[in-house]
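Both complexes shown next keep chain A, but they swap its partner, so chain B is in the first and chain C is in the second.
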Partner chain A sequence: MSELLDIDDLHLEFDTYDGVVKVLAGVNLKMRRGDVLGLVGETGCGKSMTALSVPRLIPMPPGRITAGRVTFDGEDILSKSESEMETFRARHVGMIFQDPVTNLNPLFTIREQLVDAVLYQRQGGQKTPGRWRGFLPSVKQMRKEAHERAVELIRLTGIPDGDKRIYDYPHQFSGGMRQRVLIAMALAGDPDLLIADEPTTALDVTIQAQILRLIRSLVAQLGLTVLLITHNLGVVARSCERVAVMYAGRVVEDSPVRDLFHNPKHPYTRGLMAAVPQKDVNRGGLHGIPGIIPNLINPPPGCRFNPRCEHVMGICRESVPPAIEVGAQHSASCFLYGQDA
Partner chain B sequence: MNIRVYILRRIALIIPTLIGLSVLTFSIARIVPGDPVGLAAGPRATEEIKEALRREFGFDQPLPIQYVSYMAGLFRGDWGESLYTRRKVVSELRAFWPATLELTTAAVIIATLLGVPAGVISAMYRNRLPDHVARVLSLFFVSFPSFWLAMIFQTWFGRDLGLFPIGKRLPVLVSPPAPTTGLFLIDSLVQLDFETFLVSLRHLFIPALVLSFGAFASITRITRASMVEALEKDFVRMERAIGIPYRVIIFKYVLRNALIATITVISLNFGWLMAGAILIETIFDWPGLGLYAVHASLSLDFQPIMGIAILYGVVFSVVNILTDIVYGILDPRIRYG
Partner chain C sequence: MNHLLEVRDLRKFFPVHGGLLNRKVADFRAVDGVSFALQEGKTLGLVGESGSGKTTIGKCILRLMEPSAGQIFYDGGDITHLKQRDLRRLRSEIQMIYQAPAASLNGRMTVGQIIGEPLWIHERLKGDAARERVLELMNVVGLKDEHYYRYPHEFSGGQQQRIGIARALAVQPRLIVLDEPTSALDVSVQAQILNLLQDLQDQFDLTYLFISHDLGVVRYMCDEVALLYLGKIVEVAATEVIFEDPKHPYTQALISAIPEPDPDMRGGEIIIRGDLSHAFPQRGCPFAPRCHAEKLATCESVPPPLLEVEGAHLVACHLHPPLSAAEPA
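Presenting the complex of A and B:
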């Protein structure tokens, strides 16, 4: 089966006053239709930037893609014009973000925003007849259908009394409800891929569980393809089938979820697993990975994890380890598992 | 809270404002040193004549009583009369005020129609050529004194090019439209007198344009700043991510967020322009309230000063209410808050 999304050797740099930050240094990521992929890593490792490169929402400048390809359903994303991208975003990608409070426009009713989402996603980001032309039968019909779809979406995301609450403003909703609204907006045009960038980080723990359950049930109901970005391994364990671990601008390990938790290969992933506190095992306090994440203006040569790695070898400081097959659909970018791909 | 309740509450707030304003103006006008009666009666008036004048205008009464009787008159429509012209303040205001209102309103409209799009374009093309042009223009207009620009425009457009008249509201030989509102543009339209409408529009254009420059600059700057701020908001990225076209995001979703600050500046400008119109009125021989107000203040002509203050106070309050109502329409959080 061919890939829905193929990010190949993506390099991204940001110009800052302190110098050029090499944010992404050769990210490889493949997703097939129906995949639910978790993308995990520490703050600043490039998870969000990888995700934003798909709908091409990275601010450029100061951002700059220096190498690599992003292919979606056979189409090259990076060579599209901005207006082609508007169509692409409307038709193929839905995205939800971290903070549901700031991600809804406070001055418009949920209905207004949701109906627009439906209309523009159906029209592929092209011009839609404005509300002032609502007296035309065709426009009236179009808006009526969009309204019905909006109500359907709001029911789908489990907002009680959705058909009435749709007339409310964002500030009349709680954080969890707003995230449901944002999910409804992202799904308005049946996107091929839903990108969820830390969708539960800003929510209370109980609400987090509800939102994750909602995403899981939507996956089951609609057969969604989801790229779920998080720094929370628990979220990944509960929601994803596959997981990609990122460190300092690279994917270091890519594996089915069970494999990753039972048999982590990359030293960084092992460190992460060891750092997760477990209730039954007393290991004498919390464990962390020694050292700090590298400065991405002057990243360490070779494997970017080498200054913190307990298995570091000479070659780690000289060249970048390729992704090496270490199990069924399981790869790790580490010279411990061989010198060549 | 319902929008109607919100509006009613805003209107109710005018009353204390106006009471405060009247007490303050009344006290200041009566406490400043100087003897209005002496000024009015002339240098050779005897003490008896001055005394008679004082009694006639009620200046011999204690101040609180004067205030109460003044306010009572105000509500009866008797705003007193000028010590100098000996004419009713009400009829003088009625004669001069519409000219100033027309000029100021036109200036605010011009400034808004030019300033908001200029600000939006500036923000859309931030730090690129259109932005630089808009910023230089607004800095240019705000830096030149308006009376100087007024004379330059008068010379260019009026004398050299002959495109526009150099002053007054109408040519001497054209009779003004029958006064319903006193605003020539509206009165002539109501009577379907399009010829007078066009003539008075041509007279109005240059003074209003010059008067609008300062307001144009500040409206452009605040619109640009608040658009830039709003464009940085998370919801803009969300709207782009789900496929809303950038155009729609700018003109529908972001502009509304930015307009709240702009509305504030527009309403403030309306007040400043009313007060600042006097220079323009003088240069263009525009028969407005400005000259009348200055003359009244310099000669301590008490009743006109009070009348003008009350009138301006009411106008400010109305502008404020309109602003608040627009806030409420634009931002549901204010309406329900």
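Presenting the complex of A and C:
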């Protein structure tokens, strides 16, 4: 089966006053239709940038893609024009973000914003007829259908009394409910891919459980493909089928979820697991990873994890480890598993 | 038993203004009758979701906020109504570490000045003597000597939190209120800070009041846990007891909702409906509108008192009869 999304050796840089920040240095990621992939990593590892490169939402300049390809459903994304991208975003990709407050306009009701989203996506990202033209029968019909779709979406995301609450303003909704509204908006155009960037980080744990369950039920109902970005390994364990672990601009390990948690291979992944307070860890049993995330203006040569790695070898400081097969569909970019590939 | 800190029936209400003349129309009950005690050298976890009143309790204990009612005892003495002059002495005994390390450090002061300021205020220490103490403190929390003249923005989040910890330790406190000390940090750094806090506790015989919403962290750090819901304690017990045998339906739901990093544990969670809302009527159990457990007639009408159901295990729920009322086995 061919891939829905194929990110191949993506390099991304940002120009800053301090120098060129090498944000992504050869990211490889493949997703099939129906995949639920977790992209995990700590602050600044490039997980959001990787995801944003798919709908091409990275500001350029200062951003610059220096190498690599992004292919979506057989189409080359990076060579599209801006107006083709508008259509592409409207038809194929839905996004939800961490902070549900800043992503809703406080001056418009949920209904207005949802109807806008539906119309935008129906029009394939092209200009939608303004409300002032509502007297035209064709526009009237279009807006009526959009309203019905909006109510349907609101029901789909499990907001109680959705057909009434749709007339409320964002401030009348709690954090969890706002996140449901954003999910409804992202789904308005039946996207092939849903990118969820830390969707539950701002929410309480009981609400987080509700939202994760909603995403999983949508995957089952609609056959969505989801790219879930998170820093929380627990969220990944609970919701994803496959995991890619990122460190300092590269994917260091890519594996089915069970394999990753029971048999982590890359020293960084192992370090990350040992740092999470788990059930049977007693006082003093938690291990942080020594050192800090490298400065990406002058990243360490070779493997970017080498200054913090306890298994570091001479070769780690010289060349970049390739992705090495360490199990069924399980690869790790580490020289511990072979010198060549 | 020696309680370093005891809180009795603490309440903090905030006025809600409204109406034509913007008069006070209601009270927002942020903390509504909370009692607990903390033994010297131990760690008590205060756990709750946002809006449950956990930070307000911490601020009331430091008297950074005046409680509306109730009493706070520190080392046997009532500190609820201490005068300003006596408060200063108290504050060298009780210190606080904040959630956002960047926001709690003055960006125009160097690390040396930040850690040295409490030494001047409380001990009139300055010059070489102060410098020596500051360097010693920096060493204790894992900062290097060359950091002395740097500014907070030059540090990562974890390092900034170390500065905040050193500042709190400067006056040799006995009790530290930790308000979500690691929730702004990445997990590998969080582990470093948690381990540092444990080492410091052993080294200086500190007592911690650990405020957090992360039950995983609380399980790792605390000896005893108190769960808050809408300004009331719903359950208190030793950490192992809370996690092995939670009684209150809210505690059960919260524990089952921790995303454990183990894919085999998927699917067991109890999902509770709705969200935390102060808008519910105050009659009856505050958790009743979201409760997934069997409903009794009294749930909606009588607020459940916090009572002992087993040795040192207190629960506020009508489903669990108190120890004294239970049939002898």
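Points worth noting:
Quick note on the criterion: the second predicted complex is superposed on the first by the 338 of 341 C-alpha atoms of A that agree within 3 Å, B and C clash if a C-alpha of one lies under 4 Å from a C-alpha of the other, contacts with A are read in each partner's own complex, and residues count from 1 in each chain.
By definition in this document, a contact is a pair of C-beta atoms (placed from the backbone, for glycine too) under 8 Å apart; a residue touches a chain by one contact, two chains touch by 3 or more.
None of these values were measured; they are calculated from a predicted model.
Once chain A is used to superpose the two complexes, chain B occupies space next to chain C without a clash. Contacts of A:276 after superposition: chain C is touched, whereas chain B is not reached. By the touch criterion defined above, A:57 reaches chain B but does not reach chain C. Applying the stated contact rule after C-alpha superposition, one finds that A:289 touches chain C and leaves chain B untouched. Once the two complexes are laid over each other on the shared chain, residue contacts for A:337 go to neither chain B nor chain C. By the touch criterion defined above, A:103 reaches chain B but does not reach chain C.
Rounded to the nearest 10, the superposed model shows the Cα centres of chain B and chain C diverging by 80 degrees about the centre of chain A.
Of the two partner chains, chain B is the only one that A:182 touches; chain C does not reach it. Of the two partner chains placed around the shared chain by superposition, chain C is the only one that A:210 touches, whereas chain B remains out of contact.
Of the two partner chains placed around the shared chain by superposition, chain C is the only one that A:42 touches, whereas chain B remains out of contact. Taken over all C-alpha pairs, chain B and chain C come no nearer than 9 Å in the superposed arrangement. Those residues of chain A that touch chain B in the complex are listed here as 55, 57, 82, 86-87, 89-91, 93-97, 99, 102-109, 116-117, 120-121, 124-127, 169, 171, 182, 185-186, 188-189, 195.
Touching chain A in their complex are the following residues of chain C: 49-50, 156-159, 186-195, 198, 213-217, 219-220, 243, 253-254, 256-266, 269, 271-272, 275-277. Per the touch definition, chain A reaches chain C in the complex via residues 42-43, 174-177, 204-210, 212-213, 231-238, 257-258, 261, 271-279, 281, 283-284, 286-290, 292-293. Per the touch definition, chain B reaches chain A in the complex via residues 233-235, 237-246, 248, 252-253, 256-257, 330-333, 336.
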